[in-house]
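Shared between the two complexes below is subunit A, which has subunit B as its partner in the first and subunit C in the second.
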Partner chain A sequence: MTQSLKFMRFLSIYTSFGLLEIQRIFQYNAWFWVELGRGIIAMIIMTAFWKAIYADQTQLAGLTLTTTLSYVILARALNAANASSVYWWIAQHISKGELELQLLRPLDFQLLHLFRDAMSWFVGLLRSLPALLVGFIVFSAQLPTDFMAYMAFFITFFLGGIVMFFFEFMLGCIAFYTTEVWGLSVLREGIALFFSGAYIPLNFLPETFRVIASATPFAQATYVPISFLAGVQNPANLGNAILSQLISILVIAILSRWIFSKAVQVLTVQGG
Partner chain B sequence: MRYLELYGLFFVQRLKVFLEYRLSFLIGASSTFFMQAGGLFAIWAVMRVTPNLLGWSFDQVLLLYGMVALARSFELMFANNLWVVGQHYIRSGDFDRFLVRPINPLFHLIADRFNHDGIGNFLIGLVVVIRSSLSLNIDWNLEKVLCMVLAALGGGLVFIALNLITCVSAFWIVDSAPVTLAVHEWHEFAKYPLSMYSSQIKTALTFVVPYGLVSYYPALFVLGRDSSFLAFASPFMGMGLMLIGYALWNVGLRRYGSTGS
Partner chain C sequence: MPAIEVLNLEKVFSIPQRDPGLAGAFKGLFQPRYTKKVAVDKISFSLEAGEVVGYIGVNGAGKSTTIKMLTGILSPSSGHVRVLGRDPHKERVANARDIGVVFGQRTQLWWDLALRESLWLVAKIYEIPKVKFVALLEEFAHVLELEELLSKPIRTMSLGQKMRSELAATLIHSPRVVYLDEPTIGLDVLVKERIRGFLKTQNKQNGTTVLLTTHDLGDIEELCSRVLIIDSGKLIYDGALETIKQRFGTHRTMKFELAGAGLASPLHLPDGAEITSQEGSSLELRFDRVRCSASQIASSVMSQLEVLDFSIGEPDLTSIIKQIYAGGLS
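So, the complex of A and B:
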């Protein structure tokens, strides 16, 4: 083999490894840009939709166009930043047959995952920043001027995250019985769309629906914090909001631990 | 004919998997129903307060929504593998399986997995279209029925073709899902009247990423608001895009070197 052929072969082998790195970086970046792009598309649609809806009126369901737009844009930008992944973790532990190893650890399984999730909410907030900036700069979402509104947002954002965590934990226990999680997760997302206030402020719902929705974990995690940040809810209501979130946490936490203790007894390890 | 027979065989295999995991099948098939219902509920709640969206009533918006769901269900049911060609087939080296068999690799990829999640989409699309057209008292004639059927089938073709064009990027970057998603997301626009958007977006949705041909133009025709040829354009646009997609697919296939795993 001549020297030049050897060199070409050398080059082709090492370049292919180099290309793999480009692929890897591109994929991470690609997902970032695509998510931002999806956010922008949603914001364009929302802005056009709400402007058309408000074409002949200044107030609807007690909200002005500016407040409603701020709400829906913030809801889209934050895009469940305080969501929980514990549901998937439980399912994954079960399907890989490694749950019993997790349970053998001298740590509280539930608390461990709560801390894991809580850290991810900080990352979630950071990741929402580009979409939030686009929302404020391009789509004129309004930031509150009252410092208390930010306080109310942060407190209810994290408490709401905890409510969702315990709820998702409870849901994850279903995987002990079904060993199937994908369909159930889509089902849950659909139901969350009804009640969380991720699409529209709950103020637009008929009274009965609004009362039911407000009591769900979905609304506690999404509607409550965003309504403070968008000016839909007055920061003076913070006390009530916190109380209601704490009660939800208490009830769902106890329930989830009870269900987990029952469910773990029927654990079937897939693939032995 | 041979390919149709083969598709039947693949389908039967897939059905056996479903029967093995019956609960999973039922949940999967009904889950998209709830996702769609969630979106519809939000529109209903708003239009309950103001029943007018630039001259479009709630039932008319429902019609658009249902038509998009119906067209998309064909992509979901029959061509869902285009989403995961990179992640599930090329990355794992599983794609090589298609290359050593005496059938068209693209056909094999598509036939490899019938996706039952699409059934829910199809049913909700159908129910929403029927429900809205009943309350709109549409004066049906052969032309209008033809327009709706073509919009659903041609629309399905548009969805599949755009996914095919974008999934070809998997031959270069392996995971093509973000590229597909970036284009696919535009279908969200078509769930509302295009007159709501700026003229640039409207043009893009008519000629570049023609999801507007799936719902808006056929709906205008069926509602008797406009009789533009665009109401019948989705099958032609779909076929044109399919040809482009297939040509690109072949370019990608020639370039394809296995991941070597």
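So, the complex of A and C:
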């Protein structure tokens, strides 16, 4: 069998699991409306908040009100579109004693989940469209006119998703030792709130915090792509952004595979 | 080369110990205590290719833990395991290609998918050519009566339907080694019969090696000529089912239907026979066939009582296993 044929087969197997995830997401549509409603309420609050902040100034941290509003509205609309569910998935399957069934398949466990998550990001983008429309029509957010900004957004959106996937996978591995990750998830949410740039552009943080936050997987997945789309970051910076994301992927992927290889050795199957 | 080779296999779990109540939970945060539980205690055995072996033991004896180590899901604490020449834990993915596993109460099928789609996904994972898959699907659907279920999502199936589907998904890639952990648990007699028949055919046609864990001794008697018995993590018997039956099956039962209301005076029986129950006109005896014969007992009872009918019962595996668990091998 030629290498290309092998690769096609490999892609076909893993993509099938990704498509399965899309099928699953569309079976649970109630969440879509809840998320849309939550996003719109957040847009109303954030617009009022930022208008009050900008009441007597035209620029803050080098950003105009329009740019900041576009950023926060985009951040809300695209809320976690490239998020990963692998962390909860691993923890839940371990606590229910069902992870064993997944490990019985002759597939790379990590790669399988990466494909599942990557497919769900396409759905995430599609499901963000109504919220984006509301953002632009009702809250006057602006979209860039430069094609490169869109390119930069899509590339960094998917690379950021991959960074986040490997990071969440590492967190999920903790469940092999603790069998639950609720406490850790609360801590993670708290850190992500400030460092992802989901609520305020990182430009507003003090220099030291901004540098630290930019290096976190949260910012790589949220701030970096949205800052290109909102005009906070110039598309000319795309090269640097990609390089930074690729380095993060390489480091976290190697680390997460190593952690998984160790964690799987301590697996204690719940319920015998 | 044996299909499965196990030497001094051991699995020790660390189990957290917590004192009761809130105070205990709080204390556990700062002073976690663990106890060691030896789930599998240095067991050794091997299975030749094509063998069907029963693996029996009470709950918590270590059966499932052994199977999980053989599948590669759990890593052994010590000892040596080879399945088709591989270390199943270190070569988990390669090992998974050649094995099939059924865990009786858990499904490896996709909950929301119709059975046909689930099986197609399995075929993709194991790279089964389409033509072969279609032929196997037709055969399995016929033998396991899956025709009506193919378009049904797994979540809507009954336990028996799920188990038949599970078996199809486990065996459709023609694995060389199959582990069945309670495959007939909770199923009715007809479904059990169908599943046993299917497993027999698969073993005969493909030479599949089967390690079967079950509490249903009917499965063992129907499918296995050899059994492994595990108790508290230790392998206490590895040998022919027939040997066990002969060794522990010396006792027979005799049931008498009496003409009168029952025993008016004490019954004199030959040495080696005893009364096990007596209710109304029904009398049940148990005897050691080495020490006395059925005809001696029958003539003894008939000389003392008026007998309408009587029957002799063969020993069943359940009673034999009970004797073994009660220390019969020691």
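The rule is short, and it goes like this: the second predicted complex is superposed on the first by the 240 of 272 C-alpha atoms of A that agree within 3 Å, B and C clash if a C-alpha of one lies under 4 Å from a C-alpha of the other, contacts with A are read in each partner's own complex, and residues count from 1 in each chain.
The working rule: a contact is a pair of C-beta atoms (placed from the backbone, for glycine too) under 8 Å apart; a residue touches a chain by one contact, two chains touch by 3 or more.
None of these values were measured; they are calculated from a predicted model.
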item	value
Which superposed partner A:254 touches (first subunit B, second subunit C, both, neither)	neither
First (subunit B), second (subunit C), both or neither touched by A:13	second
Partner chain in contact with A:98 - subunit B first, subunit C second, else both or neither	second
Which superposed partner A:236 touches (first subunit B, second subunit C, both, neither)	neither
First (subunit B), second (subunit C), both or neither touched by A:45	first
Greater residue coverage of subunit A in the superposed arrangement, subunit B or subunit C	B
Which of subunit B and subunit C A:106 touches, first, second, both or neither	second
Partner chain(s) touched by A:138 [first = subunit B, second = subunit C, both, neither]	neither
Shared subunit A surface residues [contacts with subunit B and with subunit C]	23, 27
Parts of subunit C lying in touch with subunit A, wherever the complex brings them together	13, 59-60, 64-65, 68, 71-75, 89, 92-94, 96-97, 99, 101, 103, 106-108, 110, 112-113, 121, 124-127
Subunit A contact footprint on subunit B (complex, rising order)	21, 23-24, 26-28, 30-39, 41-42, 45-50, 52-54, 117, 173-175, 178-179, 181-182, 185-186, 188-189, 192, 196-197, 201
Partner subunit B, residues of subunit A touching it in the complex	23, 26-27, 30-31, 33-34, 37-38, 41-42, 44-45, 48-49, 52-57, 60-61, 178, 180, 182-184, 186-187, 189-194, 199-200, 204-206, 209
Residues of subunit A defined as touching subunit C within the complex	9, 12-13, 16-17, 20, 23-24, 27, 97-98, 100-101, 103-108, 264-265, 267-269, 272
